[in-house]
């Protein structure tokens, strides 16, 4: 069933203003979008507009190729990355990009975020990958679109499902997360930032730490996700 | 004298909402319970419910085996851990579990939190133990109950009294604390998180630091606890 | 066209009180000024006055040599540094000095802040330099003026444009940033502090990290600055 | 001229509640006192009372030996440390003790806080000393009084003036600061915590960092203190 466009605007607006409320963005350094493939529409934050000036009405509406169809403002300059992810991943319905401090730490360090404990496993079924830096050719041709391609390539190369691992850090850049709706995509950004912080502390306290056992990952992830989930209340979405 | 169940609901509710107020939990990542053995009742937070939607009325009431006797909501998925601790330790009346960042750092690092100073000794009479990870068999049989067993085993193996050391970190997971009532159990979670932070800084500033002398631990702990305590006001509970 | 002096007072006042709001200063440890070369005036914070007592009216007005022409209060003791920068750099119109924690960390460590990622490149076109400590002679002759000279010398020695790299850390002291107006100079202080923090984390996570590729710097800086900028909205200043 | 006792109560009360406002204490983990030698009185926080329940009226008044002369509550258990400092140092009029996180990090690490930059030199004319741990004999005889003795011994041994270096960290314990009045003593606690944090970052960024040149210390300290001070406004106390 196609979504209601006005409700999409509202959800995307609320998810965008949740970013500074969660301490994930300074100034205009983040953006959230949602797609409705049946309607053929993407709703995304406008570019470079202060968060306090955002409203459901000034969200930008584009088609599935990122051409603006409603709104006078330019869409987020990262729109082409969002479009690429939506085209590649039919089960992803919302995307978030931020420069949150701890996740950027791992992105700039060029490292995957290892699996060290249950906080991680509750939401990410495996290490959070660090995608390679773009090449000079990619940067200078279609930078934002190629950022999406590099993310997709990383998931394909490793054979991982973006629904099970709903986020990545792009080397020398920062984190992207996604989900089934804007609120869940933001939730994953909060988890990613917190796990990035926990893992920095963990390696500081024990520089020779090893990843946690995989059966703990299985247990915690499947306690919250899938047909046998038992966390939360009956009728909750998992 | 048995407790009043309505007052238990109120105390457990207040202790649960104190967790985000103290910066110890994000989203729904924590839970507090209280037991009354005379009444045969445990009161605990419902599972996966936002903190702002909690009330004394929607706390879940169970018997001493964790069977729900009042309330329409599922209890916290960690209930079986709380039950195990209450069965093993008659002097423990309230339990808290969180994923607080600094304590998780030590849990993921797989290290005891050493005794480095008086802040620690005021509340924990010895290092805060790190319990081993659960085995695959434990995880796959009765995960939450076995988490309790591993905690109890650690205290027995070391011969320490859970009243004198009111907390632990479970490897690859996170902290549990307890106390004579929900407020004190939360207090111990705050102390554990702060000591975990202080000790991370301490080892960063001096990687070759040694534990503090044990006579300082004796003095500070016994200044606040036991028959010769002289901290605070006459009539204060210690 | 010369500026309106009352509007300068207002802008300088607002920029000064933005410093504690952004967590960049404690007590009175920061100052912002603006210059109008056509009017022959500099407006700067008074020295050692609590932020809550500041108002547009008690900002101090000086001539281009830093002689007070309006106001009963002493100007910031760092005025001579601001004057030196304004004399050397005609494209700089506002200056900020703080003791913000992360930037001071790099200043005290005596290191440039390396280019590790896109957050940095969006605002600073190259590493943020660390200027040398002043000599005993410089400190004991005209300390604040010589602080300005050392900053200018560093930019000249390296052949970098202060508009493209709008900030520096002075060894054993702290950060200075600048911009085309007080709000932008404060913005650059916020970015500098955040990048300093990100880079501390980055080196902690990967002690052998290398600077990011220069073509990423080119892309991100020029996406926001210069004739081909496409970030933000049409008509935005870049 | 002797002070007014009611004004002392008010100042001590305000200084005590400033500690949690500055993020320096959790729960009841701090205390401030003021002495008036002409009146023969010390005013100090009561022991173990929540900060929100403090008032000028429930501050405890003692004589110069620490015997309670007004008030029904027990004085802070650290009173004997304050008394010892007042007896030894006639130019110290107020004392603060906290367990602030960063300063405790250095205390637990057993290290002086080095002089790395101007933020430090503006308030502390030399490294902040770390006093030795107390011996078992000292701890078990008159613990709080001996804590004072160890602090005094450290200043005497090094030949430093407590007015020029208004603070210390006691090994395995935490910081004490002092000043000419309660507000200044609290100010010094804030500076100590901030410098402790800056210096932790500094050594992390450059593990081989050396102390800053002493002529920078002279300049910054004397810019704010003594007959030739020129920071702030005419008539300000320095």
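When the chains are written out, they are named A, B, C and D in that same order, and each has its own residue count from 1.
The rule we apply is simple: contacts are C-beta pairs under 8 Å (C-beta built on N, C-alpha and C of every residue); 3 or more make two chains touch, one makes a residue touch a chain.
Labels paired with UniProt names: A, B, C, D = L-ribulose-5-phosphate 4-epimerase.
All values derive from a computational prediction rather than experimental measurement.
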{"item": "Touching both chain A and chain B (chains)", "value": "none"}
{"item": "Chain whose mean Cα position lies farthest from chain C", "value": "B"}
{"item": "Inter-copy rotation, chain B to chain D, in degrees (Cα atoms; steps of 5)", "value": "90"}
{"item": "Self-contact between copies chain C and chain D, residue sets same or different by half", "value": "different"}
{"item": "Distance between the centres, which are taken as Cα means, of chain D and chain C, whole angstrom", "value": "33"}
{"item": "Mean-CA-position distance for chain D and chain A (Å)", "value": "47"}
{"item": "Junction residues of chain A - those touching two or more other chains", "value": "203-204"}
{"item": "Pairwise chain contacts under the document criterion", "value": "A-B, A-C, B-D, C-D"}
{"item": "Parts of chain D lying in touch with chain B, wherever the complex brings them together", "value": "26-27, 29, 46-49, 73-74, 77, 99, 101-102, 104-111, 133-134, 136, 139-140, 143, 172-174, 200, 203-204"}
{"item": "Contact footprint of chain D on chain B as seen in their complex", "value": "116-119, 187, 190, 194, 197-199, 201-206, 209, 212-213, 215-216, 219, 223, 230-234, 236"}
